[in-house]
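First chain A sits with chain B, and in the next complex the same chain sits with chain C.
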Partner chain A sequence: MSRPGFVLEVDERTPPLLVHRGEGFGLQRFPLGTRVVYPPDSLPPLPDVRGAIRTALLNPLGSEPLPELLRPGMRLTIAFDDISLPLPPMRPPDVRQLVLEEVLELAARRGVEDVELIVANSLHRRMTAKEIERVVGERVFRSFWPERLRNFDAEDPDGLAYIGKTDKGEDVEISRRAAQSDLLVYVNINLVAMDGGHKSVPVGMGSYRSLRHHHNVNTMLHSRSYMDPPSSALHGSAARMGRLLANHLRIFTVETTLNNETFPREFGFLNRREWEWSLRDQAGYLAARKANDAAPARIRREVFRRIRAPYGVTGVHAGETEAVHERTLAGVHRQQKVEVSGQSDILVVGLPYICPYNVNSIMNPILVMCLGLGYFFNMYVNRPLVRPGGAMILFHPVPWEFHTVHHPSYVDFFEEVLAETTDPAQIESKFEQQYATDPWYVHLYRNSHAYHGVHPFYMWYWGAHALDHLGDVIFVGGDRRTVRRMGFRAASTFADALEMARERVGSSPTITYLHSPPLALAEVR
Partner chain B sequence: MPSLLDEVRDVARGWRWGRRSLVPRSAEPFAPTPEPREFPTEWARTPAGRAARAAIQRLVLRPLVWSQTEPRVHGLDNLEGLRGPVVFVANHSSHLDAPLILCSLPERWRRRTAVGAAADYFFDVWWRAAGTALAFNAFPVERSGGRRLSDTPWRLLGEGWSIVVFPEGTRSKDGWVGRFRPGAARLCTDAGVPAVPVAIRGSFAAMPRGRGWPRSGHYPISVRYGRPMRPDPGETPGAFMRRISLSLARLWDEDHLDWWTAQVRAARGQTPPPAGPTGPRWIRVWEASRPLPRHRARPRVWS
Partner chain C sequence: MTVALELFRSVPRYLASRAIGDRVPGLVAGPLAPLRLVNRDEPVPPAPGWGRMAPRLAGICGSDLATLSGRTSFYFSPLVSMPFVPGHEVVGDLFDDVEDLPAGTRVVIDPVLSCAARGLPPCGSCAEGATGRCDRVTVGHVAPGLQTGYCADTGGGWSAMLVAHRSQLHPVPDRVSDERAVLVEPLACAIHAALRGRPEPGDSVLVVGAGTVGILTLLALREFTDAGTVVVVAKHPGQRDLARRFGATEVVGPGEAVSAVRRASRAFRLQPERGGPFLLGGVDLAIECAGARGSLELALRTTRAGGRVVLAGLPVAGADLTPVWFRELEVVGAYASGTERVNGDRRSAFDLAMALAAEVELEGVLGAMYPLGSWREAIDHAMSAGRLGTPKVAFDPREEA
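Moving on, here comes the complex of A and B:
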């Protein structure tokens, strides 16, 4: 049985702890008494994943078995999560490939001919053919690409169908092909508690017109946190949309959960608690660290990009969306939830090299902000790990660097919008429409591999709750110009950052270090 | 950016290369405390063990300690005419203390003396336990509360072995003498054997906690034996330990000043406790780290 997560209290016996710093990592000594939140050990994977998928499809929750929903002459659409999941990308075979193959096998047997596969990339960039092939596997790719396997296009006027309004007046508009199908099968990977459920179809296959109802500052301020769906306005809105959709369209959801095997064997020390590092782990750390430091930036990035996580599948559930998601969430919590007693004055986080929006790309400063103040800050249930007015210290170099193909609107957002204001509400009211409807960004989104023009706004809103909650944000080792542009402060060392934070939180602050990834979700009592 | 050497040093320090690895306290799994199984040390008191120990002490330990420090031994005349066994009760501030006592004792005492050593420190792994048992004729002493008290020291006294006990239970953190626990006095009252106080000064300056080797400079160390003391009839271990403690304080005072002045101060009840100066810790450590004077100033006889 794997050990549960726990909270370490740093004492004189505690070795220095590993901290991620973007495309690098290092050891850091923490003050005595610092609480360190560790995720549970990796859960044992399912011994027979294909068998588990078949069982889930044949014994679904709140639905007839999948074969009974399939019939000749029907229109079947299968949608699946895009490249933003899981992180890092999974070592092949991707669990989506396994699910797709089982679903297609059943469809073929039942004589279904009109089948289409859609990447539910929403306003994310289009995945390249190679990336899609890596997700769906060679067999599916060869059979369906490119006519019947494609990226979703949220700006295609002919490819969208308006479904209607929810009881709160939220527009629901999704992929026309999906909306007009007799059955939509959605295949997801539920890496964190935010994913899945009703968020899959209305968001993954929704247009800007639909998304703007929950991807906004007000919703984000009332999502406390968005890793806790019952307390998240974002999920409330998505659920209303999902329920409306369910009245128009038969959706069969397949959700999968993964364990915490985030890093491959060569980086095994990243998966382990430091005091349990063997000599091999210590040597591995030293070798990896020095090689990483010595390598040119391009090589370093390439090495990180090639990391494939040896994730194990811990659960497969299929059927009606809400019934399935309840089981899925329980599985995610089993792997990630850690009980933490009370808030602290300072929250420390080491940001890794990857977030959902820079796979095979560059983590630009806005994504750094989103990863730190969006994702990691929100990795809580009940209350944030840091008290209101407290400080957050993040380790990341925050280079002034953008991928101009993937993130063109980010460049302008950073140069133009953030130069004027960093207040999410002002940014939303003054700039969002202009970026969301800019024809050049729309063109790049549809024809190149660019994130939608509005995407950097969403990233900034993602951190709105943290910006509202925190008194100070300090980046250790961060590029001063970049950090200042975003309205934060930079410190050369952790000691300096603590000294700076003391201005805000007093001279003897309590400190919590969220030791992640592998991912941990703090249940703060 | 730290150099490779710095990184290796950090890792070596953090993961205690060459030493026992430690788990942070809050990460230690809960486990009911097992009944301690005492490390067997009888073999170290067999004729072969004694012969090996005599050779180690004479050929290795004494030359080593005496070459690295400058021990001055006083008061051995107090052992004249005394028949063992006794309990040597000494203050403790350095790993040098046990070898200093053992190697300063006359041969007839040394070969029949055992040392009580912390079970959790010296008897944690077999090779350290075996080495300690052989070189020092040591036996394990449980110093954490709640454990069953071993009968080894009583048995040893019954077999005629004298025992060295450090009643503070651990080495002094600041070089001064801490509170004495009454265990050593209980041995005396129970077994009806005398206690011999031993004051050791200068060993903290020569090799304080945290050092594995004496500081260079041949630091003087004074080992001063006091008169044997017997528990009075009906005297409690606590009361007897207070007397031993006072006697050790006089020895300390005598070593610091001179015998006569110490006697006068003792008669007036003005013997200062060897607890060091009051004030912040650094002052106490600073004073305790001051090396003993190399040569005592002698009154000039010829002008």
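Moving on, here comes the complex of A and C:
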């Protein structure tokens, strides 16, 4: 029986608590009275994942069983979530591999020959062959790569199909192959409540022309939060697009949910509550901490990059998108939701080493901002964990470091755009168009492994709601120059950060520490 | 007798300066520099039309520093006569009547010693008003010397007295202070360099270097051309504010210059296996104002095919000229000043510079003044001027040490 999430109030007996700090972690004492939000225990995984997948495909929600949708001579396209999910990447076999194998087996048995697999990477970077193989498995990879298994190219003028406008005038343009298929099967991993549903196809297979309708500052300011689809303008837009698409194209959605087994055994202490650490966990923590501190940066990065999450699959649902997604969200909530009573003056978050956009890469400062003020700030339903005008304290070194192959437009964004302004609306109006249409960035997105020229803008917009809401943002241990460029403040220690925050929020602030990862979604009363 | 700083021939000092002067500026200013403060005979007007002049302020130019640290090409050796007194950016008072200018007139000099000063019938270039291109700088009434400040007979600005010819003299209006007047000569050169670039309206321009040459060239671009975006490459943070004030669209450090030009021109960026990156695409015009190999290569690598590169700074050897060939670049020299075509009129660059110096706020360009006796400190400061945020350093020969 897995225990629900809960809120601990720090008292005299509370030991120092674990805090992530990028490629590292440590133990930190929190002031008395700090509320610490712990995620629920990890749910038990399905005992037979393949069986569950088969059951879902044969007994879908709101649709005929998949085999009845398959026939010889048809054009079948299967799209799947890209490398940004799950985080960390999961231990093989990836659940997408399992789903793909089942779907392809059914298709083969029904005599379907024209099958293509597309990574739904949208404006993210192309995945490498090796990365794709790790997701789809060796069998599928060898059968389909490279002619019939590829990345989506959102800048290929011949590879896009314009579907039409929603009733709010939003352009819907997606992969031509997908649009012209008799059936599009989408395979998802719903790691957080933002994922999945109508967001999968219109966004994952959409072009810049489509994305700009919801990946913009105004939409972000009205997404409170984007982890809560009913309250999210982003999801409103995606839903309109998805419904328009559903009128043109038969979409069969397969969604999966995972438990909270985020870290492998050697880092198992990161999954568990501190006062429940076994002797082994304690020793593991000490050993990992010492090794990490002593290791040269290169080694440290490599160790973190190789972490594979021992995620267990907790649910598989298939069929009509909205029917499926309702069940999926319930699964996500079951694993992640924690009730929290009221907001506080200060929200503290320890940022881990990984976010959706630096898998096998480097977390540059813009991604740090996105992870902290984007994702973690928005891990709420109803109200943010911190009050309007409150402060957010984040732990991360924020090094001035960029991956020049994966994030070339980020380098320029940081050097040119942020040097001029950090205001999302001004950034959007002055610079977005130039970066989104720069032929060099387009070239790198299409031919190298670079995120699209516009992507750093989306990262910055992802934090727009937080920027609007918060009165202060302080990075503990952050590189001063880097942090200042982004318009934030740096503190050497947590105590200093609290001192600095007190200037803005008052001398006896209430503090909430979001003890995550593993993921927790706060339902704030 | 007059006091002067004299550059003399010394092979050991030349070699030593060349070897380590760059890296340790203090040493150049010290024992290595082939420069000495002397009491020497006053220069004598060599012919009618010449007169004596007492400098009020005399600037230290990048070319002077290059000469002192042995970095100039041997090409110049027949164009100078040793020993000479350096100093070609001079404002001072006439000691004698010179033709229509009475003694006491405050003047700046155009240092080029062309046919008129040398008492010769004008060569082809002088006849067209392009005195900087004079072919007769080694003959005539005075010893070989491309300019005052490189000629054994004329003296130079770094002294209490020199001689100049009427053709070199430009009276200074009352409303132009000495501090601005000493900048007229470099400003004239900068105007000439900017106009040698011939930017079309809206052209994108890269100015490499934000010392005096770069800053004044930027000013000239804004005043006399309709250039569009002007990106200035400034090595030192102290130079950036001045560049922005004088009209730079963007100011970047040397490390960011390629990225900045790439973004502005939406070019493709290529990275050779060895050496720096370059662009396919780039600015329409680059003006090299730093006189360093790295800055010339930057200019050549970020100019679009068919574009133009102006060498305003004294060039150094060793730059890779492949982009000149491959991208069909026009590489153009800009030396001294001459007669320019502005808005359909022909006017001398000195006149344009004097008018500009009267109008524009030049605060921050002239940073420090030293007496001749403190020449070591002056040279030291001038060599570090960029880092210290004071583009121009000058001598005030009137001051006691």
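One rule holds for everything that comes next: the second predicted complex is superposed on the first by the 525 of 525 C-alpha atoms of A that agree within 3 Å, B and C clash if a C-alpha of one lies under 4 Å from a C-alpha of the other, contacts with A are read in each partner's own complex, and residues count from 1 in each chain.
Rule of thumb we're sticking to: a residue touches a chain if its C-beta (ideal position, glycine included) is under 8 Å from a C-beta of that chain, and two chains touch if they have at least 3 such contacts.
Only a predicted model underlies this, so the values are computations on that prediction, with no experimental measurement involved.
The superposed arrangement places chain B and chain C next to each other on chain A without a clash.
By the document's definition of touching, neither partner reaches A:Asp81: not chain B, not chain C.
Once the two complexes are laid over each other on the shared chain, residue contacts for A:Asp472 go to neither chain B nor chain C.
Of the two partner chains placed by superposition, A:Glu102 touches none, neither chain B nor chain C. By the document's definition of touching, of the two partners only chain B reaches A:Glu9; chain C does not. Which of chain B and chain C touches more residues of chain A: that partner is B. By the touch criterion defined above, A:Glu428 reaches neither chain B nor chain C. In the overlay built on the shared chain, the residue A:Asp412 is in contact with chain C alone; chain B does not reach it.
In the superposition on chain A, contact of A:Glu131 is made with neither chain B nor chain C.
Overlay on chain A (Cα): least separation between chain B and chain C is 32 Å. Touched by chain B in one complex and by chain C in the other is not one residue of chain A. Of all the residues in chain A, the ones that touch chain B in their complex are 6-11, 13-16, 27, 273-275, 277, 282, 285-286, 289-290, 293.
Across the complex, chain C meets chain A through its residues 256, 259-260, 262-263, 266-269.
By the touch criterion given at the top, residues 411-412, 415-416, 434, 438-440, 443 of chain A touch chain C in their complex.
Of all residues in chain B, those touching chain A in their complex are 1, 4, 7-8, 10-11, 14-15, 21-27.
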